[in-house]
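Chain lettering (A, B, C, D and E) follows the sequence in which the chains are written, and residue indices restart at 1 in each chain.
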Amino acid sequence: MGYNWNWGVLLQPVATGEGATYLGWILHGLLLTAALTLAAWLLALLVGTAFGILRAWPSRLCDAIGATYVSLFRNVPLIVQFFIWFFVVPEVLPTAIGDWIKSITPSTQVFVVSVLALGFFTGARICEQVRAGIAALPPGQLQAAQALGFRLPQTFRHILLPQCFRRILPPLTSEFLIISKNSAVASTIGLLELSGQARQLVDFTAQPYESFIVVTLAYIGLNIVILRLMEWIQRRIRLPGMMGA
Amino acid sequence: MFALEWDTILAARSIIGAGIAVTLQVTLVAIVGGIAGGTVLAMLAVSGSRPLQLFSKYYVALFRAVPLVMLLLWFFLIVPQILRAVFGLSPSVDIRLVSAMVAFVLLESAFFAEIIRAGIIGLSKGQFHAAAALGMTRYQSMRYIILPQAFRAMLPIMMTQCIVIFQDTSLVYVISLGDFFRNTVSIGERDGTLVPMLLLAGAVYWAICSGLSGLVRFLQNRTAS
Amino acid sequence: MIALKNVSKWYEDFQALHDCSVAVEKGEVVIFCGPSGSGKSTLIKLINGLEDFQKGDILFKGKSIRDRDVRLPEWRRRIGMVFQHFELFPHLSVLGNLTIAQQKVLKRDAAEAEHKAMALLDRVGLRAHAGKYPSQLSGGQQQRVAIARSLSMDPEVMLFDEPTSALDPEMISEVLAVMVELAQEGMTMLCVTHEMGFARQVADRVVFMDAGTIVETAGAEAFFSAPQSDRARDFLGRLLL
Amino acid sequence: PVAASGQNAPLDGTLKKIADDGVVVIGYREASIPFSYYDDAKNPVGYSMDLTAIILDRIKAKLGKPDLQVRKLPITSQNRISLLQNGTIDFECTTTTHNASREQQVDFSNTFFAIGTRLLTRKSTGITDFPDLKGQNVVVGAGTTSEILLRKMNADQGMGMNIISAKDHAESFLMLSTGRAKAMMMDDALLAGERAKTKDASEFIITGTPQSREAYGCMVRKGDAQLKKLLDETLAELQTSGKAVAIYDKWFRSPIPPRGLNLDFALSDDMKALFAAPNDKILN
Amino acid sequence: MIALKNVSKWYEDFQALHDCSVAVEKGEVVIFCGPSGSGKSTLIKLINGLEDFQKGDILFKGKSIRDRDVRLPEWRRRIGMVFQHFELFPHLSVLGNLTIAQQKVLKRDAAEAEHKAMALLDRVGLRAHAGKYPSQLSGGQQQRVAIARSLSMDPEVMLFDEPTSALDPEMISEVLAVMVELAQEGMTMLCVTHEMGFARQVADRVVFMDAGTIVETAGAEAFFSAPQSDRARDFLGRLLL
């Protein structure tokens, strides 16, 4: 088919004269993907837990607020959410703030936006897991805590949430894996994470196969590392006598 | 900046319409192809043959490890000639649409395979034995006894997955395929109305998906009672 | 008709059957009994080729299940089987349960299959329920449908694995009645059951198993009145309590 | 008499394939104003498309097939080389810069356009040349020569620019018009096209010293000498006969579809030189 | 100490309690009994403010639960409660179960809480199990930990809702022994139970409920020897069978 394989291209200095190699770009992309995944997962955990608690809180209003969040963030495609965070949010905020946002270093901007978009999108899924996890606890646990004089926030903090998190740990760690893949959408707003680097390499080297193969392998490697990590965490957090330990 | 210019949207309705057509085509092909491929993979996974089981397992693992964005780019940038050869496409076919469809079918096959496999494993061993005891071959028991039950049990999850697919088709953006979302964005970029157009796109997706999720919940409750 | 020759079977490391041999003649009714976990279900499943085994041989009308030209689906088709938990197909109506294998396996046409199904439903007293779904029937009715389903394939032998043990007491008799009738019509039957009254009534022979071995094989009357082995005596003693 | 000698040689390469299939497939760009972009009816039009049409007529004549089927496929900067290599398209004349790294994979015809890479900015920013970009946000098209040049300049001269890589011209311009970027660097002709799209075109200026001169050529498969020769001859004839200038005036100095805007973009010295002496050289 | 005044409670449309009044003095042990669904658990939960009620009033040391300055967490803290299914916190060790509320609610420091916890574990005979998790204990041990957990909050009254009915028979006595000791030490106790032997031993009074009403209140001896109402007689008769 007339393709000139040239794996050496990966080790060539980049055409932009920035003193890196193309492989270095890919590694940088891998680092960004990992950082983005971790940051977004933490945010998702935070947001998802907060709204999950709202949904489980014995108050119709709180439940409605949580449900609205879930509905909004689950029923709009991720890429649309990325675009809205990136293009719409600075425009609907007061002009001064919007202009300030736009003046931030672009690479920082897209990274932060990516964390927000992925975090809130995944948070909606985690919210539902937290809600279900709390609902699955025996109702006696809430009563037992209250009978000891715990206030509701203390009950959630010390009794319900710790149990809920142990139960939902497997889906929570899967979300980590899902975020690592969804993070590729960040390339659409210009973040040069792994998949963004793959495309940049195609542009600059005219050697599409080499860069795509390397980047795909990087994703598979990342996937395997995360799976191992998930197993490790799940083993660590298991309680004696529970969940088949 | 925020005012939707309805007349420009109206003027662009053919572009938006073409986008919707693409979105629906990709969604439909992904669902039909994904369920077909997923069924085959699930059957391989529960077949007695070790190599087939491994094939199914690694297929699913591979396609679930690679981001959809990468998959779309692979088929669009890297291997369109393979698609052409495999499908015997005429040179004038828009390779982006075919790439998107193939990428989605391959990926969704992996997802549906997991769902259907869970449905099959959820059945008691007795059902397999009962079918076999009547003299049914492996294929016949799958076709007439096991799969109908597995599908029925997994219907809500499969329907939810279909909604996810509908949302995910918007990622064809990365291969410049003009689906509903991309065409909406293009109009916004062209007319300087990106903000309202993005909000419009979000609202349309939200309305459709929350409507469909509501429908799934309704059906679920009805079959449960 | 059916013969097991020194059959041994392992589930991974665990040996479930040790060197079992039984021979069943045409028209005979043989009852298998023994404590839980003794290997009765395993033995029944082996005869129908539903599980693999590692040693020995199983013959049906003189032909080995290991024979190169034996096709398992055909083998199983000729041997009927009734399960403890009925295993009706929940997504098919009663009629559908009775016709599907006739049509797909025996390639009977719809009308013929339906005719046969209705005749069998008549026989087990459930003609009126043909259109219902399994979940709408009582356990006893479901088990009778399951027997009719097996019979629809014109089996030459029938295997029963504790067909009444999942049933409420008041439904046991209606299932046993169908089985008694079958036995009286001359069907060759191998039946795992703890219903000793039924066994007494129809059994030609009783096979007593324990811990994967066949401990004792005897004529029914002899077995119940004077079991040879201690273990069988012990077992019967506890059963009749 | 020139063409006659060609007619006698047996067909090979792409021309043979076209003759065999009875179909020729060309690539076009969807939004490169005024070279190749959609008119109101979603047909690709533009300067490059006019040249392509003339080339296609030549091919039909050469093959003696006036009813040769023509199919058009939209391409992007990312897939054009792949699609050409794998035979999806037969050639493309759009806005592809002829450079050394691409020569590894494909062959280029005679140059049909020459551009300089410059800046588009709002007049109010006061930016007039590249040194003014110090510490600013600047947008370029991802994978373009401009991106390479700008990043190089940034690294070499420590200018502290924040460089945004946008995936296409439209997105680049969006970054500029929404204030995310102070300036946009690209091929000057394309900058003129982007500027012409907007309602407040007068607020924007094209400015700055050209950082590079680039030659657009048609891409053909590597080693396909016969097709390249046909393209070279066709383009040279257009350029020396003055027809090319007429086409240039049509797209760069007159109102163009879909909105009747006039780019008002004068013929550059490079273009004049090119039309005087057609060639397939890489500009520096 | 505790008084219910004409309390009525509805679960949506269903009235679970009708106009119930009880008064319990300091140091009294009162047993609640009655058939399933009669509202015993509901009544106990109301006293602890775990469920809302619609009519009447509940007083604790003369103060109404409806009082504006009553804070429910504090109210509940002062009233200990032991549940049928123990409701230990499975993610905490036995020691953790006993210290967490002391630290978070009573703001005791870690050392003090642990000291108290160990003393209580000693008292229920489980000092050696402090480091285990609830799932590693038997039911009887779990319930004793639950009692110790309640006591760790220094309650002034203890409520028990069928504390032994989820236990295997051999474990009931070890839990009852702890409760008898408590009663003898003078703890005020309200206890739902069907353990009539225990009731006889410790009860000052027995309250008999049926269908959401308090049918009879009597001294323990009087109740067991000569129940006034037909329903109580009937209930006791069936219980002693």
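As a working rule, contacts are C-beta pairs under 8 Å (C-beta built on N, C-alpha and C of every residue); 3 or more make two chains touch, one makes a residue touch a chain.
As the structure is a computational prediction, the values presented were derived from the model and not from experiment.
Any chain bridging subunit B and subunit C, meaning touching each of them, is missing here; the list is empty.
Using CA-based centroids throughout, the chain positioned farthest away from subunit C is D.
Just count the C-beta contacts per chain pair and the biggest one is A-B.
Centre to centre, using the average C-alpha position, subunit A and subunit E are separated by 47 Å. Put simply, the C-alpha centre of subunit A and that of subunit C have 56 angstrom between them. Work out the mean CA point of subunit A and of subunit B, and you get 22 Å between them. Centroids of subunit D and subunit E (each the mean of its C-alpha atoms) stand 85 Å apart. Looking at subunit D, one finds that residues 78, 82, 86-87, 174, 178 touch two or more other chains. Annotation for subunit B: residues 77-78, 81, 194 touch two or more other chains. Pairwise, the chains that make contact are A-B, A-D, A-E, B-C, B-D. Subunit B makes touch with subunit A in their complex at residues 1-2, 62, 64-70, 73-74, 77-78, 81, 167-168, 170-171, 173-174, 181, 185, 194-195, 198-199, 201-202, 205-206, 208-210, 213. Across the complex, subunit C meets subunit B through its residues 45, 48-50, 72-74, 76-81, 83, 85, 87-91, 100-101, 104-106, 149-150, 153. Residue ranges on subunit B touching subunit D, taken from their complex, read 15, 76-78, 80-81, 84, 90-92, 94-96, 176, 186, 189-190, 192, 194. The touching residues of subunit A, counted against subunit D in their complex, run 1-4, 15-19, 87, 91, 99, 102-103, 105-107, 188, 190, 192, 199-200, 202-206, 208.
Listed in rising order, the residues of subunit D touching subunit B in the complex are 21, 23, 25, 30-31, 42, 71-74, 76, 78-79, 82-83, 86-89, 170-171, 173-174, 177-178, 197-199.
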